[in-house]
Every structure is written in C-alpha cells, then in structure tokens.
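Listed next: structures, encoded as structure tokens.
Below, subunit A partners subunit B and then partners subunit C, in two separate complexes.
After this line comes the complex of A and B, so read on.
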C-alpha cells in the first residue's frame, strides 16, 4: 500500500508535531548549525545586524500574538521595549552607576513580569474598545511612557539616559565577552547566542499557544468576538491574556535591545511611536497571524538596509559620502522600506509567510501543482 | 498570476541575498577582541609606520559617523565639509608627515543610536580613528565599543563629560564653560539683580547647558527664577508656545537658552509673536547664519540676542587660523558660505592632524599608537581659530580652554555674527572642575 503524503495529518498527535517531516527535521539541524557557527565567522557589523533582527523578531512575535492572532490593534510596543530596557539597566547595571547589579536572569524575568502587569492594565480597555479607538489608547501609552522615563531619573537617568549592564552572565558564562577557540568573541557575537535562543523559546511559546485550545479561542475572538463570547469563550481571559503575554514578550525584547545598544535615553526617535509603527510593518511584511512570519519580517526589514549598504559601493546612483553625488543610501533604504510595505499590502497581504506557504504547497503537490 | 510570480521571485531573491550577504564576512572582517594595554613609548620612532587596519602604507583612513540626512544634517554637513577641506589642504602638501594622505570614510547615523552603532561596526575595521561622531547620546552609546576596540574618536559635541575620556579627542571649551562665561559677562554688564530664567531642551545637551547655568548661579550668586524644558522637533515636539508663555508670565529679563538650530526658529518666532523681548543668551549650537538674514527675526536678534561660542567672527583678518582656513576654502570649496560649524569641523581635523603627526613621528599608526600620541602631543594649537587645548601626558591631565567669546548679531557680517566680548575667561570658568572619565 502506498505511503500517505507527509503533508497529510491522520491523527491529533500527528497534528501537534512541530517537525513532522524529514525535511523539517533537516532544516532544524541546519538552523542549529547556523546558530552555533555564525557568530564564529561573522564580523561585528553582521553580528550586530542579525542580533538586532533577532531582538526585533522577539518583539514581533509578541505583537503578532496580540494583533495577528487576537485581532487587538496596538501601537504600544515601543513603550514595552523602553520598559524592558530601563528595567534591565536599573536592576543590572553596577551599583557604582546607581544600579542593583543583579544577574541577567533576574532582570529578564522581572522585566517580563512588569511588562505583563502593565499589559494587564492596558488590556482592560480592550474589553470595551476596538479598532482605531484601541489603537489610540496604545498610542497614548507610548507618550505617557516617554514622559515617565524622562522624569524618573533614578531609574532611567532622565534625559541624559543611562548605561546598560556590561556583563550578561548566564550559567557562569559572560555572553558579553565570551571566550571561544582561543579568542574572545565580541559583544554582538555573544549576544547573538542569547538573542536567538530567546527567539526560539518565544517562537515555541507562541506556537504552542496558537495551535492549542487557547490559540483557537484567540482566533475566535479575532474573527467574531461577540459570537465567541456566546459560545463560551471568555473575552476577559483571552483579550487581556493576549495583552499580558504580548507585553511580557515585548519587555523581554526591550531587555535585549538595551543590552545591544548599551546606552539608552528616553529619546522618541529610538523608543517612540515610529518604533511601534515599524513593528506593525514587520508583522505585515512577514505575515500577520503567523509565527515564522514575524521572524522573516524582522530579518527582511532589519537586513534590507544592511544589504543596500553593502551593495551601494557598486551601484552608481547610491552614495554614502557627504561630498559624493547621488542618492544617499540610507534615504534609498527608507524609500525601499516604504515600497516594500505597499507592495506586500497590495500584492501579498499574507506577507512572506504567505509566499512561503504557497511555495511549499506547490512543491508538496508537485507534479500536480496548480 | 504574473504579479504573484513576480512577488514570489522578489521574495525568494531577497531572502537569498540576505543569507549570502550575511554569510560573507567581506574584506572588513573585524571581530572585537580584547587588546592588551599600551606598553611604553614606541620602539619605531623615526621609522615608517607599519601597515595596520585603516593604514595601507600610503593612506590613512578616518571614520565619520554623523547624520548625513535628516534635520540635524544642517549641522553635520558643514562640520564634515570643514574636516574634508582641511584634509584636502594637508593632502595637497603631501599629507601627514609630508607622506601619508588622509581619506574620510563617512557613514550616515540618521541621528539614531541603533543606526549609528551599525555604521560604527561597519567601518571600524577600516579606519585608524574616527574624525567625527556627532550626537551626545550616540557618543555615549559608542564609548563602550570604542574602549573595547581601542579606537579613538573626536566627538562633535562639547559636553564636559568628554574632557578626560581617553577614547575621545575633544576640542573647544565645553558647553558648561560657554554658559558660565556668557552669564558672567551678562552679570557684569548690567545684568546684576535682573531676573534670570532658562529654557532648555529635554535631553543630554539641555542637561549640559543647565549644569553650566547652575554652576554660574552658585559662583555669581544669582538665582534662576524659572526653568522650562521642551521636547525637540527632532524628537517629535517643537511647539514651545506654552514654555515661552510661562517665561513671559514670569517677566524674565534674561532667558538663558539651551537649544539647537533645529528649534531656534520656533523659540524666536514664538517669543516675537507673544511680544516677549528679554535678553537671550544661547549656546553655540543654536545659531544658523540664515537667521541673521531673516526679516522676521533680524530685528529681535540684533536687539536682544547674544551667542556664547569661541574664536572670532568668520573672516577676522587678525586670526591666523581663520586666514589659513579661508585660504583652504577658497581653493577647495569656494561655494562654502560662512558657517561656524564648518569652522568647528576644520578645527577638529586640525586637532587630529597634530595627533597623527605625532603618531607618524613615533612610527606607529596603530590604534594604540594614536592614543599614545594623544598623550604626547602636549597642547593642541589652532592659531586662534578656537582655544588651545592642553592634552597633557594622560587624559586625566587634560584641560580644555576656559575661554569663550560672546557674539552679537550683525547681518552685515559673514555668518551674521560680530564679536561683542572677545575671547575671555571668567574666574568662575577657570574654577570649573571636569568629571573624571
């Protein structure tokens, strides 16, 4: 008897498997090899680009859970990024700098808990508001947050900002300065391991939520919240719960962001509304309502300026010099960024994840693809 | 159907290029490594420096991380042009030590810390030092990297915090000194007993300016009646109506202003609109030459505005450093309009030249060699273009110029400024102590 196609699922246990096919398991091994090996070969520039992309992916995963799966629009991500970063700074920096000198795991957990608590408070209006009204509430959160961060000098350093913890101690290893093969890895190479491990854990967490009963409840709330409530889905539990988890994840991203840039001030250009809009753009480009779409979107949006940067020297109409002629490459990157968002919204609303799904379906059903 | 295929193709190509580009470490492979401390004087003195990253035996490369685009570029572009013109002049005479030409490698920071960090990481393996890093917050964020990489940078900001930092090569009197000197001049020239207030932008530059104000208040025995803060237009603010109204209601005689050119126009126009005409003293980053030619602002500026800065007016024939600069401008950038930021960038390059000359004499253009040279250069001299800066035998010994110049507005002058109080150092400025790094 012919074996069933591996894309076919025959029982619930089969459906719950994350890596069902040999191809997926091979891909997992390849990713593991890349995870372990890339920091050893990447220079500081690319390590920094991929580390920042990973941090963005963590935040995007949280936002996708809230907006993509639960349908709760939010522009408050920037506030939680700031909250996580300043929590890490206050609890983690050395006592001579006014901090508490706590280890990484402690301030990471505290930041997540704090983010969740604030997310609970922010989630309450979600029970009565939706759409644009809810978005405005989250926008207000960003401005309130900037004001608090500016005034709370003990924690944030006020307008002058504050420094971040230098050491990133995990299980006795300082990932801010990790020895490897007779040399010492740079900070971004070491952080790469921490960040992408957290990306994997967060992706697993979100995936497990969305493919089980809570995930189905979240999607029911997204699609028809009144009908969902009628059939017994608690709106309080799932709307507020989505805010709590999403905010906790964003705060974790904030901790990592602070460790990456090493010095942060309550600057609206860095943790202001534009950052929240950028996260929204990432999940749109990556794929709303998908887990790996968040990661793909972060890689694409984070990687595009870096790629343009690299190729700009060979492109005649791009320049990076004040005295050169042509379009400034960063201006070009921003132009491309805007074009990408429009292209995806118009031509591929499901984003990169949608493109991947169609490509996969094509090859899975080959030679009967259509 | 065709558009779906096209989008698929674009998506796959984009992801592939990202993977390929990321996997390639390129010619600029540089991983941060811990380096040992410098050990004693150079053993290569008098010999040709060995090639190192950023020096290939004939050309010395210096990095520039500055906002080449955006609102702040109105300051950063003339700064960069100033350095560029200086080095063109040096290169025309054979280069540093008569042998080694200098090339600037510029990257756009967009005035954002994460972008600046990436820009730094991109070029740090290609340069021996950084000619310019603009932005107090960006400089602070890059300091740990500079220290880890043993690189040095010239900050294009005048915070007192940079004075004794061994990774930085500051020039000119800090903002705090400008503040103290200008307030000293005001108090001694009719300001005694007057109501002194302040408006400052709510960031690190504002903090620096207000530090100077507080120090001046303690030394000159006056009280600041009211201080208001505002969010800059670059950070999404810019409307200062409420702040100006508060100062007007308080009937301030002097408004000490800590703001950059990005918000200057808003502050001035709001003051004029509210019929509020105090004496205004602002620090150097406030000024743009175009203000002096603006019909809406000119009258107010001429009657009520002083600028605290350094050096002399553009084109002063009594300043040898100015004459040298203008000769280079004529040769290499004749279309350059009078701009104080250009002069600052020129002076920054002049400072770096003196340090590099010493490093070449030591036969060591490595990162550590350049830092050692900065501790051997003694006093940085600028022939009056800006104040001389004592570098001493270590960063801890550095002493910036304690002098400032107070300018008044004169639209007939180049850059719209004329000297009101020529270079002077108040007792209060001389007593100011700079923090350790």
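After this line comes the complex of A and C, so read on.
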C-alpha cells in the first residue's frame, strides 16, 4: 500500500528510524560529500570558522541534552571547556609519558571521563536546587574554575597559559598536517575532519539517548520532575546522569577547542561566563530540544561574526580600528549577537529548528495551509 | 585591632555596594521571578549617563542623578514592556538569556559611545579620606553606606505602607489573585523594572564616583553585578532586607579574607578573596537552598 505521507509515523519502528525518507538519505550523502570535500577547497580563514563552529556544536549538543531535554539550566559549560582543554594540554605535553606525550585518543577519553566525574559532583546540587538557584551555582562554578586554572601553575601554566600539543595523531595520521593528493592540508583543514567526525558521533549519541527510554525519562523530568518521580523515574539517576554525559561532552569540546586555539590561558574573556552564555544562546537560537538545532545554531552564531569580519571593508559605517569614528566591527558583531538573541527569544522561541519545521510542513501539506 | 577595624570598614563599604546592586535584583525577582543578568549593564549605563549629564551637559551633580534615574527607570520599564512581557511562562534559562542579550547590547553601546572617559564622576563627596581614630575611611564609602541604608529604608516604608507597595507585594505573592483584586499586574511588572533601573543608576553613581581596582568610571564596573550574585543568593532571592545582610556578609568576608588569608592560609593563593564570595554562596545554598531569608518555594504535584 502506498503511503499517504512519508512523514507520517505509524508505529514505533517508524519513530525509531534515523533517516526515514529518501530526501533525508540524499541529504546524508550530500553532507558526507561536503565533509570530505570542504577542507580541500576552503582557505585557512573559513576552515577555521567551520572548525570552531563544529567544536561549539559538540558542546551545544551536550548542553541541549542537559537543558533542552532535561530542563536543568546550566551556565557552567565554560568550566568544562576549560577542564577538557587543560587536561589535553597537560597529557599531550612532552614531559608526560616518557617524553612523548600521550596520543590524541587517550587524552580525549581521559578528558571525557574526568569531565563526567566532575559533572557528577556538580550534578548533585541539582537534586536540591531548582531553576534560578541552579543557574547561579553554575555561574559560581565558572568563577571558581577560572581561579583554579589560574593558580594551578604546574598543569595550566598560570595566568600566562600553556600551549596545546601540536600533533593530532589518530592511528598514525597526523591531522595537524595531513597529506592529501600531493599537497599537505593546513592545521585547520585537518582539524575540520576530526571535529566534524566528533560532531557526527556526538549527534548520534545524543539522538540515540533522546529517542529511546532514557530520553523519555529525561523529558519527563523536564516537564515536571515530581510527576516523573511518581511514575518511577529515578531523579538521581537521570538528573545527575544528564549532568555527567553533558559535562563529558563539553569536556570533549574543550579538548578540541584547545587544539583549535593552540595557546590556552585562563582568560575570563576566552573561557569565562560569556562562553557559557554563547552555548546557551546557540541552543536557544538553534532550537531547544532538537539535535540538528544545536548544529544549526552553532553555525549561525559562529558564522555571523566571520561574515561581518569579511564584509566589513565594504560597509561604510564599520571600521577595524578601536578608537576612530564609525563602529568597530567586533563591537558591531557583538551588538548583532545581543539583538539576535533577543529577537529569536521573542519572535521565534523554537529557533532555527522551528523555522525549518514550519517551512517543511508548508511544503509537505501544500496546497493546503495546514 | 587597627587592621581589623580598617578592613571591617572597607568590608562594610564594599558590602554596601553589593547590597545596592543586589537590591535591584531583588526588586525584579520579587515581582516577576526573573533574575536580571542585565542589572550590571544598567549600573554601568547609569554611571556613564550621570557622567555624561555632568560633564557634557554641564548639569550639577544632584539634578544629573535625578535625570539619569528617570532615564534608568524608563529603560528598565521599556525593556520589560518590549521583551519580557512576551516571554512570560517561558523556561527560566530563556528569560535569563534575554536579560544577558540586553547586557551585551548595553556593554557594547557604552564602550562605543564613551571611549575615553574621565577617571571618576565629579561628586560632592570626592575622593578624600577622613580619619577616625587610626582608621582611614573614604568619604565616598560613607556616602555609599548612607545611600544604601536610605534606599532600603524607603523600600521598607513603601512596600509596607503605600497602596502601590501593597499592590506590588500582592503581585509577588499571587499574580492571579492580584488580578482578581483589580491590580494591574502588567503595571507592577513594569514598575518593578523601573525601580530596579533607577536603583541601578544609584549604584552606578556610587561606583563611578569611587576610585580603585574594578571600580571608578570604567567599563568593568558592570562586572560588580556578578559579584553581587552571591550577596543576593545568600540573603534569599526575594528579600530586600536579605540583600542588605547578604551584601554586608559577602563584602566583609571578601575584604577580611583578603586581609588575613595570605597570612594564615597561604596555600589557597594570593587573590583567593576574589572567589571567596562564591564559596560562601555554595556552602550556604547546600545547607539552605533558598538562602538565609528567602521564602521557600511551595510546589504542587
């Protein structure tokens, strides 16, 4: 029997399919082609922008699991980014493990485990605190974290910071300078492959959590935790569990973030509260409680300043100097960021994902309006 | 003993600043249940608007403060009317993010307009010190304590004895019941933002007419609001008296830690006092999740 509408879900097996329609399968192939091809054609600037967007997408996926699906608001992401980055820098350093430094996979996994453990401790107060109070505790975490990062000089290098491992070795391939068809790719292009592969893995992980039993438990906790507990959802297990997984993912994003920026210091402007805010902005602009929304949000929030940076020479009122007349381009990017957040919150609460779904619904049900 | 008194007086002064900022938080939280992350931005904007009014428009100090307080109130009420009113009923983090958006916008506007400000606002109290016994006290610090005390006193009287104050308390207690009694909840929301806006201007004036690291007329004074978080949480999010007590406790703890910790518990590092407020806050929250004077949230199943 022909199906009336491919988007229609008729049984549980339909609901579980990741790529339900042929269009989605075509999109998957297109994404794969883009993944393999983009680093070969992008210049350093855009490869860097897309790599950083991928890194924030990883962290945003983790935060979306915690905030979007479980309803536990956190502004502590920056702390876990720092934790992951400093762990990687310490373990990858030549002075560790007999003068060679540990390979990428090892410090990635160690950082994730460490992030998860600290996430467990941070998740415990969430059992007692709600809403605004929890947000403020995570704000405190960022400041305490910055202090520890500044003071623990043997690991973090103190205020001057430390450098990240230059080589990014995976199975004998150095993604820091990857040979490709006669030429050698730059560091940003090589990291692009690593980062977006991890984005795909994280997205699959989060998707698998949220579309199965634990995911339904998390959403029950979000919608009303007391009611969830009454129907048998262990608040301890799912609230703290969401913190553990989300923190581990943020820590992985931190490793990648460190590798991307290379010189890492406990600077409040780099891994401070505004980094946490950025992650929260990404999941809201992208779409709370959707997996692809986190990725779209990361691309939009990461891409906008880059576009402004590139077109600023052709826009009369933008300058690149800090003191002259006109608006500094970085200031303008920040202003636009602030306005963007408020506009999305007021006019499109479901974010880019909501816009996409509305557009899709329009074309699927065309010529009928709903 | 002299050292202790000296530190204690500094602590009380710092606490008064925190209390002033926390008071703005509390007014908004009481009525609307929103933590206003933009409070620091309003403080910053207030300081620079007063500077602008005295320096560029040539107003004398008190008229400038009055004009700016009206502007601060207008900005607060406008933001509530345009943005937050459309977000009632949305999750906590969404509303917080909206106020962060306002904070970012204010920060960028201030740093773009006032690129090279003077060191401090010209004020009647100036930057002189007076000596009491062996203790040196900044005049601006005394003024800050007096202003904070006066504001809290006014708040207490207004909330307790005026019709508007009672209406605001009713709104904070139960919005639907307040509506049923003929109170315009919208107006109360806008009013609380307006009050917070003008309190922020007052905090900005006290910070901007001071001098020292992190205070004075610079773009960093907005960050004081982040330090006032612990003060607000410590006192309880919805208690004006708690804001004052919390501010004083945090201010005293921070300064006393800075004075004695390098001597006695050296291993914690040389600027431990900067993060001490957050530790105090964490400990208090783990023991009393609703702060010292905050009202316990009743949850229906």
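Criterion: the second predicted complex is superposed on the first by the 357 of 370 C-alpha atoms of A that agree within 3 Å, B and C clash if a C-alpha of one lies under 4 Å from a C-alpha of the other, contacts with A are read in each partner's own complex, and residues count from 1 in each chain.
Just so it is clear, contacts are C-beta pairs under 8 Å (C-beta built on N, C-alpha and C of every residue); 3 or more make two chains touch, one makes a residue touch a chain.
Keep in mind the model is a prediction, meaning the values are calculated, not measured.
Once the two complexes are laid over each other on the shared chain, residue contacts for A:327 go to subunit C alone; subunit B is not touched. In the superposed model, A:267 lies in contact with subunit B only, and not with subunit C. Looking at the shared chain after the overlay, A:342 reaches subunit C, while subunit B stays out of its contact range. When the shared chain is aligned, no partner comes close enough to touch A:113: not subunit B, not subunit C.
When both complexes are overlaid on chain A, the residue A:135 reaches subunit C alone and has no touch with subunit B. In the superposition on chain A, A:160 makes contact with subunit B only, while subunit C stays out of contact range.
After overlaying the two complexes on the shared chain, residue contacts for A:284 are found with subunit C alone; subunit B is out of touch. Contacts of A:125 after superposition: subunit C is touched, whereas subunit B is not reached.
Which of subunit B and subunit C touches more residues of subunit A is settled by the count: it is B. Shared contact residues of subunit A, touching subunit B in one structure and subunit C in the other: 150, 273, 322-323, 328, 331. Residues of subunit C that touch subunit A in their complex: 29, 33, 35, 83, 86-87, 90-94, 96-98, 100-105, 107-109, 111-112, 115, 226, 229-230, 233, 237, 269, 271-272, 274-275, 278-279, 281-282, 285-286, 289-290, 297, 299, 301. Of all the residues in subunit B, the ones that touch subunit A in their complex are 3-4, 7-8, 10-12, 14-15, 17-18, 21-23, 25-26, 28-34, 64, 66, 68-69, 76-77, 80-81, 84, 104, 106-108, 110-115, 117-118, 121-122, 124-125, 137, 140-141, 143-145, 148, 202-204, 206-207, 231, 234-237. Contact residues on subunit A toward subunit C in their complex (touch as defined above): 67, 71, 73, 125, 128-133, 135-137, 139-140, 143-144, 147, 150-151, 226-227, 230, 273, 277, 280-281, 284, 288, 322-323, 327-328, 331, 334-335, 337-339, 341-342, 345-346, 349.
Across the interface of their complex, subunit B is touched by residues 38, 41-50, 52, 150, 158-161, 163, 166, 177, 183-189, 260-265, 267-270, 272-273, 296, 299-300, 303-307, 309-310, 320-323, 328-331, 343, 347-348, 352, 355, 358-359 of subunit A.
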